[in-house]
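Chain naming follows the written order as A, B, C and D, and within any one chain the residues start at number 1.
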Amino acid sequence: MCGVVGLHAPENGKLSYYIFYALLALQHRGQESCGITVRGRDFVTEKGMGQVNEVFNFEKLNGLKGEAGIGHVRYSTTGESELFNAQPFVVRHSHGTIAIAHNGNIVNAEELREKLKAAGQAFVSTTDTEVIAHLIVREYLRTGDMVEAISMSMRKLVGSYSLVLLTDDALIGVRDPLGIRPLSMGRMGKSGVIFASETVAFDVINAEFERDVKPGEIVVVSEEGVHSHRPYKLPRRAHCMFEYVYFSRPDSVLNGIPVYEVREKLGMLMAEEDDTEADLVTPIPDSAIPFALGYSRAKGVPYREGLIRNRYVGRTFILPSQQARELAVKLKLNPLVRQLSGKRVVLFDDSIVRGTTSRRIISLLRGAGAKEVHMRVGCPPIRSPCMLGIDMPTRSELIAGGRSVEEIRRIIGADTLRYTSLEALVKAIGLRESELCLGCITGRYPVEIARYQQLRLPVYMEHGQA
Amino acid sequence: MCGVVGLHAPENGKLSYYIFYALLALQHRGQESCGITVRGRDFVTEKGMGQVNEVFNFEKLNGLKGEAGIGHVRYSTTGESELFNAQPFVVRHSHGTIAIAHNGNIVNAEELREKLKAAGQAFVSTTDTEVIAHLIVREYLRTGDMVEAISMSMRKLVGSYSLVLLTDDALIGVRDPLGIRPLSMGRMGKSGVIFASETVAFDVINAEFERDVKPGEIVVVSEEGVHSHRPYKLPRRAHCMFEYVYFSRPDSVLNGIPVYEVREKLGMLMAEEDDTEADLVTPIPDSAIPFALGYSRAKGVPYREGLIRNRYVGRTFILPSQQARELAVKLKLNPLVRQLSGKRVVLFDDSIVRGTTSRRIISLLRGAGAKEVHMRVGCPPIRSPCMLGIDMPTRSELIAGGRSVEEIRRIIGADTLRYTSLEALVKAIGLRESELCLGCITGRYPVEIARYQQLRLPVYMEHGQA
Amino acid sequence: MCGVVGLHAPENGKLSYYIFYALLALQHRGQESCGITVRGRDFVTEKGMGQVNEVFNFEKLNGLKGEAGIGHVRYSTTGESELFNAQPFVVRHSHGTIAIAHNGNIVNAEELREKLKAAGQAFVSTTDTEVIAHLIVREYLRTGDMVEAISMSMRKLVGSYSLVLLTDDALIGVRDPLGIRPLSMGRMGKSGVIFASETVAFDVINAEFERDVKPGEIVVVSEEGVHSHRPYKLPRRAHCMFEYVYFSRPDSVLNGIPVYEVREKLGMLMAEEDDTEADLVTPIPDSAIPFALGYSRAKGVPYREGLIRNRYVGRTFILPSQQARELAVKLKLNPLVRQLSGKRVVLFDDSIVRGTTSRRIISLLRGAGAKEVHMRVGCPPIRSPCMLGIDMPTRSELIAGGRSVEEIRRIIGADTLRYTSLEALVKAIGLRESELCLGCITGRYPVEIARYQQLRLPVYMEHGQA
Amino acid sequence: MCGVVGLHAPENGKLSYYIFYALLALQHRGQESCGITVRGRDFVTEKGMGQVNEVFNFEKLNGLKGEAGIGHVRYSTTGESELFNAQPFVVRHSHGTIAIAHNGNIVNAEELREKLKAAGQAFVSTTDTEVIAHLIVREYLRTGDMVEAISMSMRKLVGSYSLVLLTDDALIGVRDPLGIRPLSMGRMGKSGVIFASETVAFDVINAEFERDVKPGEIVVVSEEGVHSHRPYKLPRRAHCMFEYVYFSRPDSVLNGIPVYEVREKLGMLMAEEDDTEADLVTPIPDSAIPFALGYSRAKGVPYREGLIRNRYVGRTFILPSQQARELAVKLKLNPLVRQLSGKRVVLFDDSIVRGTTSRRIISLLRGAGAKEVHMRVGCPPIRSPCMLGIDMPTRSELIAGGRSVEEIRRIIGADTLRYTSLEALVKAIGLRESELCLGCITGRYPVEIARYQQLRLPVYMEHGQA
């Protein structure tokens, strides 16, 4: 869970500001740390713990002058959350400098790290990103060709990665061969080129979306223009379904597909299968709103706001007692009694991970007088943890880990519970099943995980077989 | 624009936490400074600049032990925003101590301050609250009766005020004779009594709403129980209409009327009068959502989310250039092109004050491809500044200050513009016109403002004539 | 323990900077909070917790524009150390505004506060300063004459006070009738007049010392020049001996007497009475250096640095164990083994309060090989707590509280221990005994303490008998 | 200008605290950043910008549990002062982990960095320390023997370096073959071994000094005891003379020689050569005190404190005007007029670098009435910048760069000016000239600088000729 931005804009005097605004638009992808590296006469980096707004100010942005730059927001997936792991990661080698920002998860990072160590490489952090950086630098020093170096590295990397790289003469966008994490490309002004994890980053700075970086593609932007290379062309793709369902912003367009419309459609498809009679449908705000609106439209049941979110409750500390923890959800979400009292309520959420919040919210609705609560979920049960870049709990913490839908319904206390089917999910997204990563639902990952994670999971397809 | 809380809960060991949670629920009423005073063996106060979450922590709350306490969140209406003006305001006099927190605006504060000064009273701040405190203390020292002292002070105070007072043996809730600002009363646990500006403060701590404090009422809570006094009973009320339209949280119930339903109804009434044909209705989030939902329901035009709000953009600094200021609104609100493109859009907002934001958002929608933009506003034109506690610009800055609706439409660039009529507003709230303060719409204030503000405004009714 | 500054400099555009520098020079008098109030078109105040350097910056100082101003550094003598007790204290009354900064301790503050409360005055802090302010304001409102108001207030105030006041048209310096705390007056530039607790404040800004404010004097500085009033002329004075011995900076000149020379002379007088044979004399740095130099010179015994102070150890946190506490003194003071080993050492300190540090340092010296340690103290035994402005522990915590010199010697572990005699102290300062406050040594205070403190102490002289 | 500490204390449960206290004692060697790495089950590091007291707290120290650890304080000699350059520097390689802290300056760092880059090594910082780390790691991976790896690296490193290294099973202290920077070794408790830049670090934690690490020595401390290796034994040494004159704390013992005594002796030797008649000698505090005391003793002229230092003036911001800059020195040092007025003053300083401060202080003394000011300096003129670890300005900024003593005297405004002679300096330290680094005085450095710095300087001796 990270977001990346890359901007090549030699004629723009305020490059760092545009990267900053773009990172602000991607803040939902990571709030733990952030950073920007620009290349002017030298490479200059500013990074820090906290949100984009907290880390940067006029003074720092003014100090980041250059012709091209990359930025990163990070949500720590490892326990350690040190500044030393913040990105971009900058490496100076014999033929120049390279800065790198990464969104994704390298499944065989440990194996590669050990191989690199065995080859004499020393490491200063515990991140995947350092592994990627050294792989690329080594190949580059061997071949003298950056595209070749990246291509060779891609052969070795197993997992998900959307990268932006800043070299001495180019800005480079790279996407893994399966296109698991998103990466889009846009144009800004006369000669500016921008990469970003999501298209919302283009919107805020009036850049224009051009196209997605293709799975396995390397796009090099320099004074000599934009050049595309595609050393990998696999017969399948594996776009993360969770980006559509929850993680990306609703106003982004991913792989050509507007996220908002996928969510609306999931609500509509759910409505088609659903014969439950209800007085209203209400979302858990904000993420489930388009699902509930789609459901309402398709089924004719009125859409109502049943829960009001307190926008000021962020990382509030809570009195450490059972009673207080129960109150915690109420600090964030307050039920509208007059909308709910005596009503048969369809409650929509995008997904259920642990189930704890669902249970508490259903209990809130009942406390507000709801006569029935019918839980509807915008994606199939999450049964396996993600290994490819989404932060999820272990299988035993997933409520759907080893339970039937009926068991889950009982635990969360709903009158009925319906999940979106895999077919409906695929249909709503509008891609073929073989173009999606559905690992967290099916346990069948598009890359060979078991070997690296020492898990016994059914292997779906081996990376590189193509 | 402030929020107040008072809690009498001698058997609750964690009183300060409950006040803290209640203030969190009222945070929307003021984010500049906040404070809590509790009465245990002594009066202890903690206050600071910033939001409730930033000012308080476990250590500070644990230091606030007591049987009763009051809290305050403040939005500075004056230019100065010093800690010294933060509330509660605590005064120690010959017969004890009094702490006071205030929501409202005293119109004749300067006159009273001068009178008190002339009588020998010295002042250490520039707040209305200190004026109120000294008025009450002086009357109390004269009469020895706190209820009498408050009653006498109420005779002198012109303006709006919802007060919570903490004395050596009581917690007291007071509301001005016209009931301009809200103040509700609830029960918590076996013996706890709570006052708060809005009922949402009760919800988060599982307190139960009992009733509103009546206009002109003084409610005294002590070991001897709850006693009500009502020295003032005017033939009219003047509940602020803007609390219903914009300022209060939608999940609050004000003067017995659920705010959410008023807003929905305003949308419905607008729909009834509106013959414009449109493809969809969309709100400016979050405040205009219930208006737009009501409109959609009544008119049958589909409700759509057309603008996505970036939750992480708070007080972001913006590059000081024209271009950057234009981008600023996009950082906060991103239009959903696919929902809007080629569509005839009804855009709903709760109110228009300066008009600048409306103009920018309409321009955004057109940029996203909207074929027509029909602006609908949930209350009548705001033509006069509020003198009674809502922070508004001067008349000349109000876009409706001296302009016709057609002129406003042209400035903001809408295809059509319709405001809610005064009649519809009164109908939606469900009170009589004589029970509302409509000063900002009509220029006729329920208390005599002109005398104190040296303005020539048509006087509606003199305070105290009853 | 506080420091005050007052500056009238209408032609100086950077008045606040000069007050800031002067406060820096007085920082040793209080590090807990500080503040500056200036009078330009209005009264503007900045205060905060912490040292002068931490609280102020260019931006704040630039915001403090005016013709005259006062400043304060504070060392909290009460447990509470809130910003609300920080000075200057500003009061707005019917005839204007008054700001006040105070160094000293009002013995009958509680009595006066109760009387003022009984007369209807309410209080917002727990400081003596607010008592002084309201006394003066009340008299001023009664008489309309500020000098008269201050004179009348002085009749009521029992204790020590050096005050600087800022009124709408004057800067006023006031010193209590016994002159307990210091207050000097200087000239700056063509028309500037400055007051400060110590003359070092003049040195740093190139102001010229003119004279001390006389005990009981009121000096009024305004556009009409400098006018002196002296409503009180007592037959005696009571300059605090501890200012000479420890509290004031060595480079200050107090009541016409250079502090440094008093300390040197105390060392010399000690030498005259001392027949102990030693190899060297060494001070506890920094305060005891002039004592030891004087001793060395008079006795012919070599002066050596035996302890090196670590300048970077401030408020360091120490591991909470016995061993660690023992190490704590070593973090601050490291013995020079080569200077001390095998030597008979005279160790000089300015005073002994609790004795704990003396014991630890003597133990350090022995650990460094000192053959003998002869402790010499620059003032007589401190047997009673100060009631007049110096922060001291209670009598039972004072090592000399109820103990003989021999008992103290045994506790601190010295081979011999000699205190300066009262006669020597008086001689070194060069004033008559009746011109000094020796309360902490003799228990006979120059003002009647017992009545207010409910202690049975021998009364030396009643304030006001003159 | 840095300080290092290494502690092996497997039986001590509070290892990080002892490193913290030791760093506090070395704080004068660097205040910009600091850090501690410990090896427990894993390597854990805490570092930050600021002083030891600011960066560490109980929580952080408690998190640093282990059997051995190293610490560092840093004074940035490069313009950039980023956290990323803070030490210790930790590298994970194929056979384990190594952490390193460094005091000194590698003259051929750029050359080595380029060679390492050419061999495929990538760099993440711009520090010498990373160069040293990679050199050692590479040799270690090649040979599998850490002592051999360090020895081989020492052959390549030109410059000054005192290192502490933490490996998976040992703590290692290393000193460059000329012993330019200090490094001492001590014992703590039953089995603890400590290294530190100065012996004061031992004093504060009751460790006992054992011996200095020898030039070119590698001391390995592990569970198997302490083992010394000395791959390099040059016929000469080159202990930095500036450590004795200014940089080290006076209470340290360097290379067996107490710093305090060197400084005293320098004062005495100056006195012997000096026929100037004077009334008193006074130091610029604190560093010049022992010089002045020595001078006083040898010459019989009285020692006096003529300047009082304000301990609270640290990094104070100064009004940016000429007048204010002149006042700046007075904020820090206030002359004691009564000691100086009408007197012939010998003013002692340890050294003169730029001369600006000397000029201002002499002007201060004259302003305080000094009749004559005779400047005496504790070391010869500094004519060349240090290339080996002391932060100094360029040659053109050094007042003695191209000027005669008479010219310098005129610039600083002294009546007479005498520098210590090279012979006296050598004599006071008590080593032979060939055992000292006198590069900044003679321009003849003990290692070949010119080749690496592209300067034309007379070469004294080539490193490695032995």
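As a convention for this text, a contact is a pair of C-beta atoms (placed from the backbone, for glycine too) under 8 Å apart; a residue touches a chain by one contact, two chains touch by 3 or more.
In this text the structure is predicted, and so the values were computed from the model without any measurement.
Under the contact definition, subunit A and subunit B share no contacting chain. Taking the CA centroid of subunit B as reference, the farthest chain centroid is that of D. With centres defined as mean CA coordinates, subunit C is found 62 Å away from subunit A. Rounded to whole angstrom units, the spacing between the C-alpha centres of subunit B and subunit C is 50. Chain contacts: subunit A has no residue touching two or more partner chains. A complete list of chain pairs in contact reads A-B, A-D, B-C, C-D. For subunit B in complex with subunit A, the residues that touch the partner chain are 14, 17, 21, 24-25, 27-28, 31, 51-53, 57-58, 200, 203-206, 249-251, 258, 260-261, 286, 289-290, 293, 297, 302-305, 308, 310-317, 319, 324, 327, 330-331, 334-336, 338-339. Of all residues in subunit C, those touching subunit B in their complex are 45, 83-84, 89-95, 114, 117-124, 126, 133-134, 137-138, 141.
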